[in-house]
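Shared chain: subunit A. Partners: subunit B in the first complex, subunit C in the second.
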Partner chain A sequence: MAKYKGINQLSGLDRVVVGLMVVVPTLLVVWLVWAPAIGSVLLSFTNWDGVGPISDAKFIGIQNYRDVVSIYPPFWPAVQHNLIWLAVMFLVATPFGMFLAVLLDRELRGTRVYQTAIYLPVVLSLALVGFIWQLIYSRDQGLINQVTGSTIDWYGDPRYNLWAALVASSWRHVGYVMLLYLAGLKGVDPSLREAAKVDGANERTTFFKVVFPVMAPINIIVLVITVIESLRAFDLAWVINKGRNGLELLGTLVTSNVVGEASRIGFGSAIATIMLVLSSFFVALYIRYIMREQQ
Partner chain B sequence: MTATAHQANDAPRQVSTRNPVTARRTSSGRRSRRGRLAVQGFLALVAVLWIFPVGYAVLASFRDYSYTAQHGYLSFGGFTLQNYKDAWAQANFSQTMVNSAIVTIPAVALTLFLSCCVAFVVARFSFKFNLALLGLFTAANLLPPQALLIPVYRMFRSIEVPFWFSESGTLLNSYWGLIAVNVAFQTGFCAFVLSNYMKALPRELYESAVVDGAGVLRQFFQLTLPLCRPALAALATLEVTWIYNEFFWATVLLQSGDKYPVTSSLNNLRGEFFTDNNLVAAGSVVIALPTLIVFFVLQKQFVAGLTLGATKG
Partner chain C sequence: MPRPATQDEYLASLVPDSVKGVSRRTLLRGALGAGALLATPSLLAACGGGSSSSGSSATGTVTLGSNQSDAVPKAAVQSMVNAFQKANSGLTVKINTIDHNSFQENINNYLQGSPDDVFSWFAGYRMRFFAKRDLAGDISDAWKGMSGMTDAFKKASTGDDGKQYFMPATYYPWAMFYRKSVFQKHGYEVPKTLDDLRTLGAQMKKDGLVPIAFGDKDGWPAMGTFDQLNLRVNGYDFHVSLMAGREPWNSDKVKKVFDTWAGLLDLHQPDALGRTWQEAAQTLQQGKAGTYLLGSFVAQQFKQGAEQDDLDFFGFPEVDSTIGADAVEAPIDGYMMSKRPKNEAGALKMLSYIGSPEAQNVLVKADPSVVASNGKADTSGYTALQKKSAEFVASAKSIAQFMDRDTRPDFASTVMIPAIQQFLKNPKDIDGLVNSIEKQKQSIFAS
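Coming up: the complex of A and B.
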């Protein structure tokens, strides 16, 4: 490829155009994503109640964090629910989606039909998923209770509702992972498998020793998506019962602290910052990975 | 992948199972055939299980409430279209569908345009900040929205805009605020996908364009964008689905019910004390309809958009 001088050939007008092309989208993202992210962190160290002007806010150190972990009852349940959510997605839904992708990749008859059926939930919003499963979970009219005769309120009873939500959420997540993983499998060089086959490896060995390692890029993406989606698991809990009574999640706590009657800004920001810190670890992992790929 | 290899192996196997003389090969052939059948059976079962909740919702949406209340859902009969009529009125779909379009169409158009701009600069030039810029956008796409809620909410509430721009007088409770947030969040993913796509375009194209005296604008609009059409179609499909499905920002940033887009107006179908599930089912089907159309008609685009990002073009 010929050496191309790029920027050197830009005229004055071109420079302005290129500048605008970068600056406008960047300003938007900085304004609505990065500045708020920093804002959340800063506010979490203040006692701003959100009523008076922001100049009244005082720096109070880590008092909000101390309060969150010690005197705010829903906090630890929310952490626990988020962790359970992550664990179920990571240990059950994601591996199952991968497993389905491996089976579908064998291109048996009807593969396309199965594939289509399994990824159907992916086009539905998580909020809608909550409503669709209500038809199955509802106490008086739900399918489960109609069939089994039980009277459990699957969405209402704090002993069960987290698990009911997890089933609904997994239903969607499995299809998502299956789709991503299947695309990755299609990209694996067929000669690798052929070679493994010639060496006498069976399908399982081939997958774990040959295919899985070369799928490292997809594995990372699936891992990151699983974590990020679990932290974002807000919509479902919100449509079920606004994240109360057994369905507390970090995301719903932040939201109810802001839009509810009691607006406790500093306090809510502390929870938001905890969320940010948790997710930034995985975001960094992902960014570092794609940056290496780009170079 | 190994489709051809499979077929090559299958052909003799199928012959051998029919031929009792080659007994040794028959047994192994039968075993692998049984294995295949087991896999097929399993996949069919999973597929049915996965379709079931949607199918059940569709079925329930056509049934009369008093009939199912009396006979239970395992009965047969009581079919009606009334739920759709009621759901349409109760959830105010003729309004919320329009609201969804007001938010989704500009948001998708802006997202694609802005991400094309970023991707073009990143892919076409080799500035030092390119990589950092891409990181800035991609990471923004991954942060949990709830963690940014407080500053965005307060900021929108305090930004005053003229009344012709938003009836509420602030960015809160205005469509433009919601559109801006959606664009800011989605640009990262699209910019990332598009920059990979644009990097794959041959550089010689730009060279001859420059020789012909085409400025950056002409290169962008007449060379790069037309070549990116497949990627743009895939991303447009995906983004329409995602922004139409977006629930969180619409719920918290729009406060009057008459402004809610479809996805956030679902709650109108639930009564305070009593919920008619068949009505909920009908409403859910209506809400799912646009995305189901995407699913059935634009399936290829949707899948391409989703996997384009994951498999790096």
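Coming up: the complex of A and C.
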């Protein structure tokens, strides 16, 4: 019989199980996430048109990237719109969602009803959200123009349609953040609030000095979700006008180049790679923060 | 599923149905169907073997992929297929209708996957492209003994290698549509030249009408306006060269097209970028707009009967008297055969039927917004609009397709749609616009 090596010793079967638990998910991740991602990066250096074997594709170096940034007019507006999207989600929608969560946490009467009402849009797909708001924004039959008598073309006019889309998107995002944050607030130890109260702190101070710091893990999750959702924003703009005419986003540019009849796979992959790099920047910030927390 | 009694039974249940009882032939076919990646010439020869004779022996099922998803054309295809099945008792046709836009957007994957034996498509650059890239089947056999098709249609159906890959069914002209009652009420006359059009437009504005209805939310309708102006300003040959990438987009000729258009924009319905062509057609239908430059499918927004009878059109007026106005745009819709049809004899039979007057009589009767491509088709049942469309195209000296059918689709959709929308937003900066188009064109056409 083997010598007892302490409570941490693993039996042979344990080792196999642990091994499988590591290897199988790793293979899945490599196969389903890394391989397509790296494939996409590689394709971005070719001129593949999606027809015929991939071996026909010609390696053309960084020409796709040069073209994207220099002669493709929708690119820079798309970057700008993505950043505006991020800023609005981060500065308006997310704080507002948090605010609603704090309000609802105070056991108002009918809090369940409010929760459901605010959370409802999250259940709807963004495509459906786009359609619902179409009824409100439509130039000739929409609610806003019927009530105010204006003739603004909310979805068609490039001066307004980004903001109109942001309102629709925020409507959904607020509910999402509210739910996440509410769940976090419920988990805060009540004795902390009581202690703060005993020390004579008012509501405001209690929230910002005690509750908010305790909620750090949730804050990070909310932050990451906000960033990721903003950068990959796509569905809503696609439903409204295929991401053209004032609603260009990186996600819609990738789709219109790769998926449609155009099949500029190499070119679209280059935009996708730029999007990947941009997202990685934020993800790297997040990971760095997590690492620092752990030390 | 009941609990398996033995381990063998359990293992057998894990095998999906598609793999059970696999023979070499089905495996082969499956591999071919799954992707052209595996296809080598020897395999192709082995698979398509010996069924190329298009005699009367064709039996079995033919699959037909149709992009005619709107109610009216869909019913037209159905009645044509019914007539075909009646005439050929051994053959059944299975129609697979796919949403029009999705079909067009997924055409690459569709053709490289497992396409239907016969599928709907358009004449033009894209048809020749599929033929060149070995994604479409040679249907020269179906053209043998075809009568009633003019050489122009045969030419439009021929690939770069001189073989036929396309069978025209119907076509429709692009023109300026108007309501006869509105023109009568105000005493308007059909404009012959651009100046006439401007004068007419000014009068319409005074009468409280939108001179030219316009909607470009989907991006492609405005291509029609560009094409018409280009055909009038520079002529048909230039259109063909420009679309083929042989002419620079930043030349004075193209600038003149945009300049002319800019001069007409105040006659166009404003806020076009948020409006679909259907909505724009409604303004014409409601008598709020005087004219509308579109394909004759605009009639689909008009009720059949009195309302469609009130619809009339005229060719886009002459801009330059040295160029004239004898070039028209009339996209041809038709059918092609996939590279490896499961029932080649049946598919060829179906295609030669589609080109026949009998089939086209059924099609144009069910959808009066199009006209038959076969000259022997019965025109006695045509509506006034159809008669006029047929004459209009027959009298034209040259027939263009449409920007997104005459040029590379990647160029049309990723460069021209945003570029024309940009022009509509800011018609002032034509130099910057055409330079940007030219730079992108060089990059795309070089690859």
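By definition in this document, the second predicted complex is superposed on the first by the 246 of 295 C-alpha atoms of A that agree within 3 Å, B and C clash if a C-alpha of one lies under 4 Å from a C-alpha of the other, contacts with A are read in each partner's own complex, and residues count from 1 in each chain.
Note that in this section a residue touches a chain if its C-beta (ideal position, glycine included) is under 8 Å from a C-beta of that chain, and two chains touch if they have at least 3 such contacts.
Computed from a predicted model, the values in this text were never measured in an experiment.
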Comparing the two partners subunit B and subunit C, which touches a greater set of residues in subunit A: B
First, second, both or neither for A:N47, with subunit B first and subunit C second: second
Touched partner set for A:L32, first subunit B, second subunit C, both or neither: first
Contacts of A:L128 with subunit B and subunit C, given as first, second, both or neither: first
Touched partner set for A:V259, first subunit B, second subunit C, both or neither: both
Partner chain in contact with A:L180 - subunit B first, subunit C second, else both or neither: first
Where subunit A meets both subunit C and subunit B, residue numbers: 50, 259
Residues of subunit B that touch subunit A when the two form their complex: 1-3, 5-6, 36, 39-40, 42-44, 46-48, 50-51, 53-54, 56-57, 60, 68-69, 72-74, 114-115, 117-118, 120-121, 124-127, 131, 133-140, 142-155, 180-181, 183-185, 187-188, 191-192, 203-204, 206-207, 210, 215-217, 220, 241, 244-248, 251-252, 263-264, 266-267, 269, 275, 277, 280-281, 283-284, 287-288, 291-292, 294-295, 299, 302-303, 306-307, 310-312
Residues of subunit C touching subunit A in the complex: 36-37, 104-105, 107-109, 112, 126, 133-135, 217, 219, 271, 273-275, 279, 409-410, 413-414, 417-419, 421-422, 425, 436, 439-440, 443-444, 447
Contacting residues of subunit A [partner subunit B, same complex]: 1-2, 4, 6-7, 9-11, 13-14, 17-18, 20-22, 24-26, 28-37, 39-40, 43, 50, 100, 103-111, 113-114, 116-128, 131-136, 138, 141-143, 146-147, 171, 174-176, 179-180, 183-188, 190, 193-194, 217-218, 221, 224, 228, 231-232, 234-235, 238-239, 250-252, 254-255, 258-259, 265, 268-269, 272-273, 275-276, 279-280, 282-284, 286-287, 290-291, 293-295
Subunit A residues touching subunit C - in the complex, by the definition given at the top: 47, 49-54, 58, 60, 63, 67, 70-74, 139-140, 153, 155-158, 161, 241-242, 244-245, 256-257, 259-264, 266-267
